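The chains carry the letters A, B, C, D, E, F, G and H, assigned in the order they are written, with residues numbered from 1 in each.
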Amino acid sequence: MRREALLELLRKLEAGKIAPEEAADRLASLPFEDLGFAKVDHHRSLRSGMPEVILASGKTPSQVAIIFAELAASGVNVLATRASQEHYNAVRETVPAAEFHNLARCITLLQSKPEDVTGHIAVVCAGTSDLPVAEEAAITAELFGAHVTRITDVGVAGMHRLLSYLDALRAADVIVVCAGMEGALPSVVGGLVAVPVIAVPTSVGYGAAFEGVTALLSMLNACSPNITVVNIDNGFGAGYVATLIARGPQH
Amino acid sequence: MRREALLELLRKLEAGKIAPEEAADRLASLPFEDLGFAKVDHHRSLRSGMPEVILASGKTPSQVAIIFAELAASGVNVLATRASQEHYNAVRETVPAAEFHNLARCITLLQSKPEDVTGHIAVVCAGTSDLPVAEEAAITAELFGAHVTRITDVGVAGMHRLLSYLDALRAADVIVVCAGMEGALPSVVGGLVAVPVIAVPTSVGYGAAFEGVTALLSMLNACSPNITVVNIDNGFGAGYVATLIARGPQH
Amino acid sequence: MRREALLELLRKLEAGKIAPEEAADRLASLPFEDLGFAKVDHHRSLRSGMPEVILASGKTPSQVAIIFAELAASGVNVLATRASQEHYNAVRETVPAAEFHNLARCITLLQSKPEDVTGHIAVVCAGTSDLPVAEEAAITAELFGAHVTRITDVGVAGMHRLLSYLDALRAADVIVVCAGMEGALPSVVGGLVAVPVIAVPTSVGYGAAFEGVTALLSMLNACSPNITVVNIDNGFGAGYVATLIARGPQH
Amino acid sequence: MRREALLELLRKLEAGKIAPEEAADRLASLPFEDLGFAKVDHHRSLRSGMPEVILASGKTPSQVAIIFAELAASGVNVLATRASQEHYNAVRETVPAAEFHNLARCITLLQSKPEDVTGHIAVVCAGTSDLPVAEEAAITAELFGAHVTRITDVGVAGMHRLLSYLDALRAADVIVVCAGMEGALPSVVGGLVAVPVIAVPTSVGYGAAFEGVTALLSMLNACSPNITVVNIDNGFGAGYVATLIARGPQH
Amino acid sequence: MRREALLELLRKLEAGKIAPEEAADRLASLPFEDLGFAKVDHHRSLRSGMPEVILASGKTPSQVAIIFAELAASGVNVLATRASQEHYNAVRETVPAAEFHNLARCITLLQSKPEDVTGHIAVVCAGTSDLPVAEEAAITAELFGAHVTRITDVGVAGMHRLLSYLDALRAADVIVVCAGMEGALPSVVGGLVAVPVIAVPTSVGYGAAFEGVTALLSMLNACSPNITVVNIDNGFGAGYVATLIARGPQH
Amino acid sequence: MRREALLELLRKLEAGKIAPEEAADRLASLPFEDLGFAKVDHHRSLRSGMPEVILASGKTPSQVAIIFAELAASGVNVLATRASQEHYNAVRETVPAAEFHNLARCITLLQSKPEDVTGHIAVVCAGTSDLPVAEEAAITAELFGAHVTRITDVGVAGMHRLLSYLDALRAADVIVVCAGMEGALPSVVGGLVAVPVIAVPTSVGYGAAFEGVTALLSMLNACSPNITVVNIDNGFGAGYVATLIARGPQH
Amino acid sequence: MRREALLELLRKLEAGKIAPEEAADRLASLPFEDLGFAKVDHHRSLRSGMPEVILASGKTPSQVAIIFAELAASGVNVLATRASQEHYNAVRETVPAAEFHNLARCITLLQSKPEDVTGHIAVVCAGTSDLPVAEEAAITAELFGAHVTRITDVGVAGMHRLLSYLDALRAADVIVVCAGMEGALPSVVGGLVAVPVIAVPTSVGYGAAFEGVTALLSMLNACSPNITVVNIDNGFGAGYVATLIARGPQH
Amino acid sequence: MRREALLELLRKLEAGKIAPEEAADRLASLPFEDLGFAKVDHHRSLRSGMPEVILASGKTPSQVAIIFAELAASGVNVLATRASQEHYNAVRETVPAAEFHNLARCITLLQSKPEDVTGHIAVVCAGTSDLPVAEEAAITAELFGAHVTRITDVGVAGMHRLLSYLDALRAADVIVVCAGMEGALPSVVGGLVAVPVIAVPTSVGYGAAFEGVTALLSMLNACSPNITVVNIDNGFGAGYVATLIARGPQH
């Protein structure tokens, strides 16, 4: 039953064919979607111009290509994360306008300019090995309409380098910090600014780095109170939430 | 907005004061509960005569007493799990008919005989230290209307004892097996019967028993395929699901 | 010593060649199998028409083919789980009637229609990546005689999709729910129905998903009391127990 | 060396007593604080009117009382978290205006109205046992100037209750969600709204809940992309970041 | 049905009242214990004079006292492990001959001299904090009839002390080594002798000793090949197995 | 300095060239090996005829071949464990008499018959996947002179199969039990016999089997007291210790 | 056999009563200690004037008092770590000159001035809760003769405070850094100096701090290469090694 | 702004073009690097002649080659760790003088003799599988100017071999000990010497060795107090810190 079915029920009531009590009973047993619930999501996506997102890893190139093409056909912007060159090769056959961001392992398709985001995002990373995760965050944020400043290679073992970017850090409305190994950078950055910091542990490191677990735990215990954390290597999630924050209250 | 509010909306439509389209739009934004969704739960509890359950641990005696009394007043059967003597002392002041099961740490109130359950449940435990968890399972199942056979102290280190209960095990329609330490009993029991076995790891043991984690992992890897597992020391959950299974298909 | 040997012993006793005390002593030292113990298993499999099951992973194609052919020759239905295309290639050379289920990674051979199962099973999964595990559960249940409804791609991040299947969920007598990542779906499904839910954590996810451990822990702590859990990716076990439950009490 | 010392150095240079090169060398060896670096923090706190925060646990009542009184004397608002009745008894002897929030285990002192925060915060919790953490978040946010709506007892096992609060959830600019056990609530809430959700795992639960670790892992793997996570039981951190987000971009 | 019941069945057969086939069928359905299976255990205990063992921890003083008295009445030697002074106070009221070993936390009752064990056992411990576990092993072995040499306080940080006991170590037929912290002692001892070494990790240590887990893991990875391991703090198990080994092959 | 050097020193003393006090001082600073310490090892190996052992994994084929050939040249028996076909190909070029045991992944060279071991060893395994580990144990024990009975495929889910081997189990003087998954077999076997049982967890299983960790933990918590444990997949260690035990006390 | 015994043996050789070969054989079987091996330790302690150390926790007050008094009687300096007030009360009854360091939980007795240590040690801690561990390190180092500078409350969330101590940090020859929670401070300090940094994780924190495990892991992955780590809360070990380093090469 | 910019500012002040107050304000807002902060690092590297270090793993051959060539051009010594043959092939094309150390997986370039280090370093390893890590430590230390003695294959299971190196161990001013499996060697070595020991856990082992975690935990709990620990397989870090220690206090 779709909206037509709902309308048909209501029209029967309007026409006096059923009583309000009976209508109420039947409404109680309807699938929720038919009551227009799902439209909310749709309205939201229309309002925000946010792209649809595909997690490419774990899907075959042809599966990604099919989903990508369907979304492209609907006119929205599209982002595929954790994509390989093979994924991209399959996608561009049907969607030639799609672009591949090699470092960030992302495929993007920009069909309409996203709604401009007020606030500014800084994406910071500790070392060059953290760059893929940082780039995933940056490209996500940009595709969702945000302005992004990239600050790279500012690990805590060389404080003077980080401090030389102090102005850039303080100019941001929200900061994404990617770090592996001991994951100490978010604590330090968080102490230098007064805005929300989203910490992204990366799987960079060896031995007791435990594929990012140490960085994750470290960030969850950050002594700066303005820090929240996402999953290991989840650059997309960090970029997405940063955009929501940079957009500011909508009510 | 309660059902009256829904009826008011539908009556406006019936009276021609609003159009079906407008009614559909307004329905889409209603809280779901107001649409009768919550009644389903109610119907279910009326149908099955299942008791209401309170997790006493983590609540003060007076908190438990207040909730217990409210539920008792509604006429249903009541079960409070992980209750202490202090909890019971507080409860019986306002609900004198409540009973305390010391070993199982449960408070029960039986106000109406539960719907009789077709199938039979066996509750098996490996050692005397597992008895509190096993009793919680047994009392839960009985309060929900099931017939329970208790088989105790049949650890895998003494197979002859377990095998002497073979008939009783094979007479059951579902078996709850509680075991701590290495948690091997469900595998063995599961191999002796052709019915579902619900394994309950207990926190019995020391050292590398890790408060029940070893038994939990062992049970999840049981080589008998008829085994499912619940949380450590969760006798209530096991007794509850066993009752659902013993009841058989309802459709 | 087989049954003949036992009979021979008893006949000696009957013939007065040995005394009852001597017979009792010799019985005490017999291998248990010879006393008819093993027959129970046999009776059970004849009664239920349940297929024999092979875990293919960890075995070579030729090993699987040999075991499969032996079982096929005995006339029973056969199920090989976690099988690769190579396994199947080897099997079909000797058992051409065997079928390969690519997504579920199962090889099946249906030689006799299984005993019909009364109750109905719903197999639900959160995302497309969980499909192989869900299919393993569904195919297992079907081969064991159950009727299965598949509900796919109803993750908790889109409640309206799940709720649109509410009728199908409530029509089931037991529900298998497969989910990776945060493993939250069983809790939500469990709260919507009044039947047993078997939760199957999958290894889908990355980072702190820890190859399914997070989903497993989440499901063990599900706040709905009608949930039990099986090992990570254990679709077979879930489908098997679901069938036992759907069959209902047998006594 | 304070600012005067710096000025003294610069005046020597102005007076020609030292050369620019020598001044540059001596500047390079100065403690950073003396160069005005520390003033930034001060400016920030004056600008935002944010209270000073004390972590009471791990400190004696008299230690907390001394620090609390010092901060109170400086005129700022003060918040002490994880405080016991004993902590409060000691504090109110010297700061009678301090208030104790028993459930949230917080001591607050409001000396000046905080700068009003534009956006709105909803603080949601799964069960009554999660209330202390949720209240810590709510009281923190309020003391920092935010408007907070509390939504309690909406666990995922009873979706209809959560869905009945849909309007309240969608009216918020940022949502704090506290949950223990399987920690599934943030995923579900995150799927219902288009704003940032801060997930707070609580140590509520037993057995495989592992003092909040299961909820923490679950939230880090939430399938809704608008979720970030803080440490177990860290209501303060969640309330603090929520306020920063609700304030919106400041540049 | 006990042995009498079995004899009754066999006598019926002997008397021609039932046929051998019927007797075979009825035998197949007998509880295993009735077939003399359990007697094996009994014979074994009579033969070896091994004491009965009670795990006192987790039982109340009166529970331990009752079980202890029952076993004492049957004439066997008795050992209660992990017993407190309260346990002992309760035991000696009914069994005045029971002795309490304060350091080892054991209660023993020697009613008949155990069968002499051929081989010799050395019980070695790394530090004074490991003594309770070592004593539990030593007292267990002695009560089971073994001769024990105690070597204490020979941690690996002072090799010269350990090496000064080389003759004593090489005179043993099996060695129990108790160590906490890094658990390195079994590796070193194992390299000095040519007999089985049973390693007992103790919960001695702090921080990353993880209540004995580090010592346990260390011992499992010991580079000497003559080492096997028991559970953390399981002095009883080590003493028991050491006695079995010291007894030598019995066939 | 070798023995000659020691003798030279002592001869100087005998010849009156140095005083006893000086000789004592110089002895204190000698390398220990020179004092004959190392000879003990040599004597031991000569006495027992035990083979030398090489851990092949982690070494290149040529490295293994060189070490193997050196040992072969010294006339002792040789065992290389965890060896691949490539390792063997390299070894047999220089030591054509070496044999490869494909299933056990062992290379052996028998140059002299080992001293006969009195006691008897049973090597038991739960499933066919555990066979490589069991074979490593069996071949090790045999090369060290022990008599071994192999009992395979007797998992706890089919107790009747295990019980049919009861006589064989009870004829052994020490039993090695290999099992993966839930690792329950040692507990059950341990309860059936009165001799030492060496439990070998194997990495067989998936999901929450955690590469053998679950079986390891399970075995450490075995409720039968006659069980000790070795590292995951350590068939060699189990076979070696079993041989030491089967040899019996040597003093 | 002590040195006299050795001399007796050598004198027999000198007197021609035994041959050099026989003497060599008997030397090979001597306990190592008798050969002067143990004297080395003695010489070392005499040379360095290092105090003897007692780990008080896990020992009774009277046990600590007895050991303390014995060591005091031998004239050396004494340090008891992890001592309670009760430990101290017992100690000062027999050793009135002993001092109690309440914050560091240490009892010290200084009977002779320790050999002066050349280098300088800085002991840094992140927060006031880390002070007990830092004090244990500082007092240990001082009792062993080192000069210590204490720098407290310089967490990474307030970089300006840490940087204001840059001169003090750079004046040290070795730095001990104590930090709990995310344990990021050693990385930052390590990047600011060119000397060895000893990182001490503390058990300060809650939730995912896991009693110091997070800080420990973080420090092991520190991106500054001049960092080594000791056990959680091991202030003594850090202070001891720092002193050895500050002493410089001795050869 | 570089030093010239700073000088320009100071010259303006000297010239009276700006007032000291204005100069102070502008200094407070300068990037820290421009204030000469970074020069400290530079001075340090010039003073010590320490090489620049590249972590090759995780970088492509061409990336490593580019960085290597840049550093080489600046005249310093260069060390690339965890380098493959492919990395080296790329490096030597542009820097033909670079050398590859196959076992240690290091590429080195020595352009100027490093400042001689006073103290002596011993690098000890337990088995041949630990050699790559030990060599990384040794080559690092040598490139930084230290004298290194290598002691290999001295595992704790053969104490006599280790003890035969006692003189060499006692001649060192700092010792690096590499060990996998149970990681017991540092404890033993630490007890034999009076200098700092740096323990390096290696990932050598299988099963419960957990890729070096067991060795790591073991070393953190070493009962010798002169031990500190670095990350698993971190030979570079150990060699680096050992050199700093061997250099002795610099003030």
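A few notes on this one:
One rule holds for everything that comes next: contacts are C-beta pairs under 8 Å (C-beta built on N, C-alpha and C of every residue); 3 or more make two chains touch, one makes a residue touch a chain.
Note that this is a predicted model, so its numbers are computed, not measured.
Of all chains, the one whose mean C-alpha position sits at the greatest distance from that of chain F is D.
Ranking B-D and B-F by contacting C-beta pairs places B-F first. Greatest centre-to-centre distance from chain G is found for C, with centres as Cα means. Distance from the chain C centre to the chain H centre is 55 Å, each centre being the mean of its Cα atoms.
Annotation: 39 Å between the Cα-based centres of chain C and chain F. Note on chain placement: the centre of chain D and the centre of chain F lie 59 Å apart, centres being C-alpha means.
Multi-chain contact residues of chain B, defined as those touching 2 or more other chains: 29, 32, 37, 158, 163, 207-209, 213, 216, 220-221, 231. Here the chains touching each other pair up as A-B, A-C, A-D, A-G, A-H, B-C, B-D, B-E, B-F, C-D, C-E, C-F, D-G, D-H, E-F, E-G, E-H, F-G, F-H, G-H. Interface of chain B with chain A (complex): residues 3, 6-7, 10-11, 13-14, 16, 19-21, 23-25, 27-30, 32, 35-37, 39.
Partner chain H is touched in their complex by these residues of chain E: 126-127, 155-159, 163, 181-184, 187-188, 190-192, 205, 207-210, 213-215, 217-224. For chain B in complex with chain C, the residues that touch the partner chain are 44, 48, 53, 118-120, 170-171, 173-174, 194-196, 198, 216, 220-221, 225-231, 236-238, 240-241, 244-246, 248-251. By the touch rule above, chain B contacts chain D in their complex via residues 29, 31-34, 37-38, 40-41, 57-59, 201, 203, 211-213, 216, 231-234. Those residues of chain F that touch chain C in the shared complex are 128-129, 158, 160-161, 163-167, 204, 206-209.
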